[in-house]
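Heads up, there are several structures right after this.
Both complexes shown next keep subunit A, but they swap its partner, so subunit B is in the first and subunit C is in the second.
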Partner chain A sequence: MSFDLAVVVAALPAILAGLQVTLGIWLAALALGIGLGFAVAALRHFGPGPLGLALRLAVEVLRGTPFLIQIFLLYFGGPFVGIRLDPVPAGLLGLSVYAAAYFSEIFRAGFVAVPRGHVEAAQCVGLSRAQIVRRILVPEMTMLVLPQCVNMAVILVKETAILSIIAVPEATAVISALGSQQYAFVESLFLLALIYWLLVEACGWAGRALERRLSKFRFA
Partner chain B sequence: MTARLFELMLKAAGYTVVISVASIGIGLLVGILVCAAKLSPRPWLRWPAGVFVSFFRGVPLLVQLLLIYNLLPAVGIVVPSVVAALVGLSLCTAAYQAENLRGGFASVPRGLLEAADMAGLSPWQQFRRIRAPIALRLTVPALVNEAILILKASSLVSVVGVIELTRTAQNLAASTYEPLLFYSVAGGLYLAINWIVAGGGALAERGLRRGRLA
Partner chain C sequence: MTLPAPAIAIRRLCKSYGQTEVLHGIDLEIARGATTCLIGPSGSGKSTLLRCIAFLEEATSGTILVNGQPLGFEEQADGRRRRLPQARIREVRSGIGMVFQQFNLWPHMTALGNVTEALVTVQGLSRREAGERGMAQLRRVGLEARARHYPSELSGGQQQRVAIARALALEPKILLFDEPTASLDPELTGEVLNVMRDLGDEGMTMVVVTHEIGFAATVGQRIVFLDHGRVLLNGPPAELFAPPRHPRLTQFLETYLDRGAAMLLKPA
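Right after this comes the complex of A and B.
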């Protein structure tokens, strides 16, 4: 077995471009997933019954099937129902919807965990419904759900690797292609593993730092 | 879809279940060892266990599978792809299960151990009669959760050429030109298996609660 880092060094610009795609899709899917997930959780909590039931079913299906199957369905099945997307938008859409399902469950648990007394107290002092959401529910919930959100962000970093299978030019696709062109699988895959490892550790570290900073807003 | 093709999908789903159950089982055994090493007072055991857990939880499973699939032949070990896939899945779930077990051991109420001390139980007796049973019982929900995660994650072994449910759906979708149908059926089968596992887990938890101490 040979271990030749020169191959990797020569391909550094391509690797950095792949890394950029990974980070871009990750951050975008994180933002979209949180936004959409919050909307779904709110609709399930406050919305009409039938809508809640439909959303619950969608969330169950998204959480009960492999992400790979979902992305295949969207990318290869989509064109048959008029959804024709390039790999990057398909990957971003798929990952965001997948993330939204998990985030909605996190937020739903968060809504339920906010003490009822706080909401009742807010009603008594005459806060409107929108004010209660903005001033009481969201801030208190944020503290409760932060650890799970960080956990989900870490899971999403790792799920972006799956997008290489539908030819999204992110880090895994670029680096494993490099491996097969140069016949340097071991070097390139070790580098790839190292990159993800650092990314995940950094994300966990940033999450813990954020929790410490926000801990002053904790109510209990 | 003809009955024959559906039968093919069902058989592939069975293969997915076999791979997942084998990985969960091997992963539990390795996870117990890793957990023991992590709880050990000896740094030369604790350290490698910590790196193992951090690595296998920090790197995407797909990358782990590609690494193992390419690394084994490079060091002269030629095995069928299903073995490489099993090694990858088992090591990954072992890291998660080790952490779950560690959480279980950490949640054993201190009072029980103090009581056992007062009653004169030896450390081994305490482990066998008190710590291990309670920790295992506390870990059951996490184990069921992990089983569902591994069932879904096993779809990734299709990438290293194992003909399980996802790969079969891929092959049939390509040859019949009906991706919507076959990926939906595959998704439905994964969902059904997961519901069965979740239901079984709920039953097991209820059964365990009946005989619980703490």
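Right after this comes the complex of A and C.
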């Protein structure tokens, strides 16, 4: 068996379509995960005790079980409790919730890491609680948690591959199907590895560029 | 003859953390237009007292009147305390500015941004108007040229002067300083103390928790010496520091020879 790139070139339109799904689900899950994760962290930090405890339990379960099993449970177990979703929405929901659990922990640590004195200074000049969150806590926290967020984004792009098992037509599903049909397993796997690695590199590069831009806001 | 009402009147103020009481019934009046320095050994409660006046800590019992208005709590006819509505608390608090040991500038805002933040967010001024007022305050502390710099690009002394400008921007009647030079290199303390000295000369009411005994003795019109959560001594520096001195104060000064206490202890 020889390494045949022609197979890849011939199937380029299908591959690009798969790649589009991967990118779309990744970016959407990233946005939803950050939004939901922030809400969970804020509720745990500022909300009432029992709610915080319930959220903490949910986060622990989501972080303590493999994503593969979570997505299986959602897709195949969901119908038993009335959650009937197509592969793409199921994949997006599962990945977003999984990401939110990790992001909430990152943000929670971020809230705690903002020096108390910065909040006190804001109280002293009369900012309200909501203004302190919006003007002081969130911007300062963003600088602190940026490296971990980039790291999480990188993990997330690779987790999208798992969605192939519930038949989400993303890059891994499309390309490995192609490999089976054409008996080009090595080519397809190599191509997949290359695609994910390039995405991860691009993400890391974007993260570093952002960190450089924010570097002058660093803590004095 | 009626004496002018004090800027701050503190009555039977107690503060406990759990089982530990750190302030045991403080009675103190802070004169308007004067610089009052709170000194005392670590753990004497001076910072806690200042933080109670800033309402960053809530006293366990007792009252604080700021410009005649109750701060945070109001004593009712039956002697019980009632927490005031948030709007009243903020109104009374707005007459007080606070400067911290750690500066506590917001790192994601420029010097000018730090000074104008409350003018825009709280007072609702336009960016332009806030900018003009902010620049005027930065000029007052000699940092007009650093307006566009971020805190990380400023020296400690400059950061503290920006923090003072930030507190001044709201035009408070009273400025509180919590060990304002304690985290500065010795060569940078002078610039901050000079700004404070100027403010004192302009008639600002200031309460300064400090270890700079030399500053307290020369700029402070009133010295309050705290020990174990009580006001042990309260008087003008000339009176307090001159012999015969309270033995507890002498003992305290002897540990601060390098902070300007040496000249006070020197035999005449």
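We adopt the following convention: the second predicted complex is superposed on the first by the 220 of 220 C-alpha atoms of A that agree within 3 Å, B and C clash if a C-alpha of one lies under 4 Å from a C-alpha of the other, contacts with A are read in each partner's own complex, and residues count from 1 in each chain.
By our rule, a residue touches a chain if its C-beta (ideal position, glycine included) is under 8 Å from a C-beta of that chain, and two chains touch if they have at least 3 such contacts.
Small disclaimer: the values here were computed from a predicted structure and weren't measured.
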item	value
Subunit A: partner with more touched residues, subunit B or subunit C	B
First, second, both or neither for A:200, with subunit B first and subunit C second	first
First (subunit B), second (subunit C), both or neither touched by A:13	neither
Subunit B versus subunit C as contact partner of A:81, first or second or both or neither	first
Partner chain(s) touched by A:49 [first = subunit B, second = subunit C, both, neither]	neither
Contacts of A:66 with subunit B and subunit C, given as first, second, both or neither	first
On subunit A, the residue positions that both subunit B and subunit C contact, one per complex	none
Residues of subunit C defined as touching subunit A within the complex	54, 56, 90, 93-94, 96-98, 100, 102-108, 117-118, 121-122, 150-154, 159, 163, 166-167, 169-170
Residues of subunit B that touch subunit A when the two form their complex	54-55, 57-64, 66-67, 70-71, 74-75, 148, 152-156, 158-159, 166, 169-170, 173, 179-180, 183-184, 186-187, 190-191, 194-195
Residues on subunit A engaged by subunit C in the complex (per definition of touch)	115, 117-118, 120-127, 131, 135-136, 139-140, 143, 216-220
Subunit A residues touching subunit B - in the complex, by the definition given at the top	1, 60-61, 64-70, 72-73, 76-77, 80-81, 157-162, 164-165, 172, 176, 179, 185-186, 189-190, 192-193, 196-197, 200-201
